[in-house]
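Chain IDs A, B, C and D follow the sequence of writing; residue 1 opens each chain.
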């Protein structure tokens, strides 16, 4: 699930998500634990990360570009983060430059004290709100949509912080999992549909909020429960209080957490991600099995589905593509010939299991399709007799607006071509995707409920679950700032 | 005039000023010219610097810790700063950490476009205003007093930018020279008393604002005139417009520009700084001359006054103290013995002109007096027969609140001791300061006008020229933020 | 096969090898190709790397600490390496500090021109020769054993370079694969037993030498043949000349290339490394199979053997341990509690496939055994009903002196304990190693030939294939230098 | 005396010297004291520096590019340099790249122990010896001439170290001040003519060797005496032993130490450098005085001579050129216009003392004359009525081969033009140099002794004091290496 910038990379054609969040209340090692939690959530965003702690008197903040381990493994950084309350954020930025002032947690000094907040998701009316707030004299420091929540809280006329926060939540649309810190509480919130995940854990009697259970596992914390869709939790020294300010609707979590984003060892909404991915593979074998000699995963994201497929199909699972773990930055190629060699810097065919074989190649999804071409060619170059490409999710035909970085529609392969055209483009002998209903079956449902779909799945169906105010209104253009600053 | 952090340094006991500002409108090389201008103003602040340009569509900002030459000498930095309008700032921070978000120019996106601003001076009601603005829902990003101007402009209910800006100026107290940039204009402003300097220049038909004339000289620009006290200038493609929104009062510029801050080759209010400093020395010789063999300056700030003293007294001027230009950071001393050796890292006695001589030692001012002790001892160790210390300004007895970093009153030597006690503390054979009236005489006045003093001179007299709202009110405590962030 | 410094890492208990080498003669993109070749050999050494090119007039050298991609991906570095001849080296240092002057290729200016050389292996009489050379007035610049070859060549009284080189080879003992560059030739050499590997390839009519075939694959080069044991090859513009100066003996390559070092997609001595590792797993299932529910590899080195075991045993292969790819440097732990959490930074149990299961855990080798304890405990914590540890190589009982970094004998688990004691120490329900003869069977032999063993296998058998002059003589102490230098 | 790389700098046309050396024996703070000593000698070389200590068991070395303060001010660096014996070196490199392996002290492990050495000067047969040593099988690591001394000592057939060292000295020609360290002694040596300086000092009962007395002053050490020409001193725990292996000849020190190199507060051969420079100025006034209004030094090197001139001529000394101390790296100019502005980054005219005046401009020497043109123009631009250029040393007509970096003869202004042509080229109203005999008079001699000149003065006279083997022989080409390495 490594996601690098190298466009020669097989990982270049992955979806990317914006963020992971983490928070802990009342632990003497709050910053160190948050560091570990963010490290476990690193797959959700690798461009920047930050931690804010509160030590009873001051908020202490460290926000940096780069990986968690680059910054927070240093003792002096942890020592600059005293306090027993902490929240953290790890970020992949979808739009705008990756600049320091966009790195979260964001912070504001309110009249009654401080407020730090970290956000996973995307607001579909962020630009509209930003424009309104600027007209009223608010000054924004960052270019991300997340900053509006700070201003809405600061501008709220309610007295108590939690009322101001809920006041702000009622004004925003879209997908969010928030963790926030004030002088007196750790607060968490999920959007009304529960599009982005958030879980509650417990360690040494202290409560924790995190995007995934793997962030609890790394610190040995106990998983308590998922935060529900539309729920606001307030964690203080007196424990956890649950508020449900929104009208109750059934949850509709994002299906891509199972397909690609979540770590395989996480438990999302009661299901093992690894097990679901194996089920996708098994269902795919049932829907689109074919005579073959070996099942080969596209590493690393295709591995669980390939194991599932191989077990269901009774075929041998083999490492037909070897990943080279030693890749730092992109090689600056002097010539075209060298550039082409560079394709093999990250992955190489394991000829001994490919040559003369009928290969079933398993990947988890196809976005632009650019690397699929390369990987089929790599199999052919290694002597594959046949290459059957199987994708353990349906064709992606629509962009996302809830925190997944999808290309524009015209760049989505499945929005541009039908199945046969895609197969021909890739050069595969056959191509098949998991069906939409197959996704739901693998998750234990009979089928997709067309009235109240159990998942947010618009990327496959075009069925967007909320208003898209910025998209349809004046905010349709990309979010922007008048200010360009490199750091 | 180098001012380093080394507390073993003879420069350790200097006053420090907060800032230099620069702006240019309509020049194709705006960023490069601003870099040169800031470089010439580097003596006004060495901790951080920044430039913001406007290219007709976007504001481009580079703000960094360190010297101008550290960042802006790089081609790629200048290339990130396109546009023909630019303002810049070089900073010494008096309070709070030196952190990136305090580095100016500050920027805000207003409803009608952007606004960048750079400030030299200090607001005496900055904390009070900050507190009020936070109560109304404004969010501050920096810990400096300068940010209030942004919020006051953003909150103003007036229509046109210049009216909003003047609206804001009426709410602030203290000392300021502002340069600001909007989508359509370069704006400059000096406080009603003209405490901090600001000059207007012209190059290739483009107007320039700068703290000192030396910033015009470096780029070969023509000096047009001083901006007047209480004047607001609006520079657009149509030229310079002068506004005088405040009731007219006589100017009262800060005397320390002549004594220490301004570069000797600058012309401040029509007077050559070098010539004024020589006059201070000559006046000192007239007031407190003594039989001696050589006149020795404390380098480099005592040099012009020493030349003036030597010429007036008919004594030979000699380099009795040699400055070592190669000093980077402070040596981390392993032991006390090494620490004491380190005193000689920056300066050494030139024994050949000291030994057996009666030495008149000239310095421009005494703050804490800590290095004066060392320098007298250095003269004695080099064999001086007599050491007569002469200071080319009066005793500093009161702290500043207008942008000069003075220690608390209890740390000002002249606030704690009388003349004889100071002499004994330093170990000099005699000690004399220039008189307050002597300062005015050297500047061409008969004497200080006690009713309407011609200069801001409270450090010598305690006569503060404005209200000190934050000092006397609730804001009396140091300016602060709930947030601690290292970068 | 990532090998980090983190002692909490499951990879902490791996063997480490010293080096990979690469050379190319006559290609216009020599430096860029060598960079790619070294990148493919990065698994053989991650501490430092270097490239030397010859451009017909000068030798151009870049030697740096860190990974190949850290340095050589930069265009300006490649541009500093003109010339169509190049050799490169990637290094793991077994003894002494990792300092720049030890980084290879090493270079000497001889009377007739330059000589650059890169060495994979270890000389067993390096210290003895060094001492003799110093006594004769040679000055060493590095602390590695490899530098003696330079001095032996420089001191040789023969006329032609190749005679001087062979003269030097006759004086050294131990394991080596050398690639060297002179003004006129690329030279390669393997020690008389062929302990360390070296292959010949061809690209665009240019000959290449490399430690493994994966370095040929990355650049699309053709594999020509293995360099034979005791062979010296001279590559000039006239082609490849083969010299066999040593008495012929059967080859005896190091078995650890198959077990651990070589990349799975490499072909070593005609065998696919991946296929051999699967055979080790299959043979292990045959020798020590057990009733179980799942086969789980210790990632990543146990994967091929686990697939082989699972296929042979008819058991499901599952990813029971998830590797986190985002690990930079070691987390500096503030407390013991945090330190213990840190164990899970790199690997986590995938509870959904472990809980309630009888697990066969497959690893490729055990050195100190320290991480084996942790991994068994991780399985138990995740709810495993039974944990059966199976190792796809024999117990390591003896240290290596040929370029593998083994701990002292007293730190080798299998040298200290018998099988049952090891099982108890690890806390496994059962433990089994592949037999020595099983290794040979998996490689296609009936058994180990006790008279002329087909492999160098002293780590399992104590049967060292050469003299150990430095070990038994005065040189018994660790190689050292009087000079300590940090860079 | 700052010497930067900026070719827009008035300092761009200075001579540069190779090195300063320092050594101390038997002091518990040896590394810290050596750091201070090197800091005081920083003016002798700013490109690199190094310290080697011996702690009784190991030699500890730190060698870095950059200033002393950049590296050695850090506690961890000093802690890596334990031991009570230390030598250090600060370097300006005349030829070849500035690369780490050229940074001194150099080190060799000899049969009987280690030997570290630092060299100020230049060997005139260094290339010839290098070629001979390579032919005998020695391997050089650096490209500087200094390394031959190591090999000559290593190759010597004598028994005792000091005999080997003297053996080596007899083989080298040219200028040298060496400080060396072995397991048992600190050794110092000056060439037979004493071209480069070396002094003996004492601190806390420990002996010190240093290039100049200012390195003694900084640590509070007592000046004992100059090391004599041709003297070798051996410092052990038993004290100082003086050896005089060479035939005695009168000393002939380099006159440029007085003119430019030495720090003004140093005492060289019994004379105050500052006083000698003032005498040069006074003598110049006697030889070439002229009617004028002010005397203005070219900062900083012209200051003492200008004071001497002004006092002798009875004219006012004024700071007509202001130096800006804040200059880091060269500004990368986007356009020619900006480039021309950049000339004023380091120096600016102080118009108030220039305008309408007849100016006597004093500089210490002219090399290429390129900056003299700029400085005269700067005076004219500032309104000078007349500009009379006076140089306090004779015209430089011949290159140096003893450690001063002079341009080739064709680039020396005075080798290409007569006086009137130089005056016209500079644009001055008059131009005069100090006469050769004037130099000797200012130093207390009646005149230059044409048979046995009291100084090494070939730059003015062409009278080289030693053989120039490399220049006239095959070594005539610049010293070189086959190896190019950036670091």
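Keep in mind that, in the parts below, a residue touches a chain if its C-beta (ideal position, glycine included) is under 8 Å from a C-beta of that chain, and two chains touch if they have at least 3 such contacts.
Composition by chain, UniProt nomenclature: A, B, C, D = Amidophosphoribosyltransferase.
Quantities reported herein were computed from a predicted structural model and do not represent experimental measurements.
Note on connectivity: the fewest chain-to-chain touch steps from chain B to chain C number 2. When the interfaces A-B and B-D are ranked by how many C-beta pairs touch across them, B-D comes first. The rotation that brings the Cα trace of chain A onto that of chain D spans 180°, given to the nearest 5.
Centre-to-centre separation of chain A and chain D, using mean CA positions: 62 Å.
Chain centres here are Cα averages; for chain B and chain D they lie 37 Å apart. Inter-chain centre distance (chain A to chain B, centres taken as mean C-alpha positions): 50 Å. Within chain C, not a single residue touches two or more of the remaining chains.
Viewed as a contact network, the protein chains form a single closed ring in which every chain touches exactly two others. Counting only pairs that meet the touch rule, the chains in contact are A-B, A-C, B-D, C-D. Residue ranges of chain A in contact with chain B, taken from their complex: 58-64, 80, 100-101, 107-111, 113-114, 134-135, 137-141, 150-151, 154-156, 481-487.
Only residues 1-2, 29, 32-33, 35-36, 39-40, 42-43, 46, 67-70, 72-75, 78, 214, 217-220, 263-265, 267, 272, 274-275, 300, 303-304, 307, 311, 316-319, 322, 324-335, 337-338, 340-342, 344-345, 348-353 of chain D touch chain B when the two sit together in their complex.
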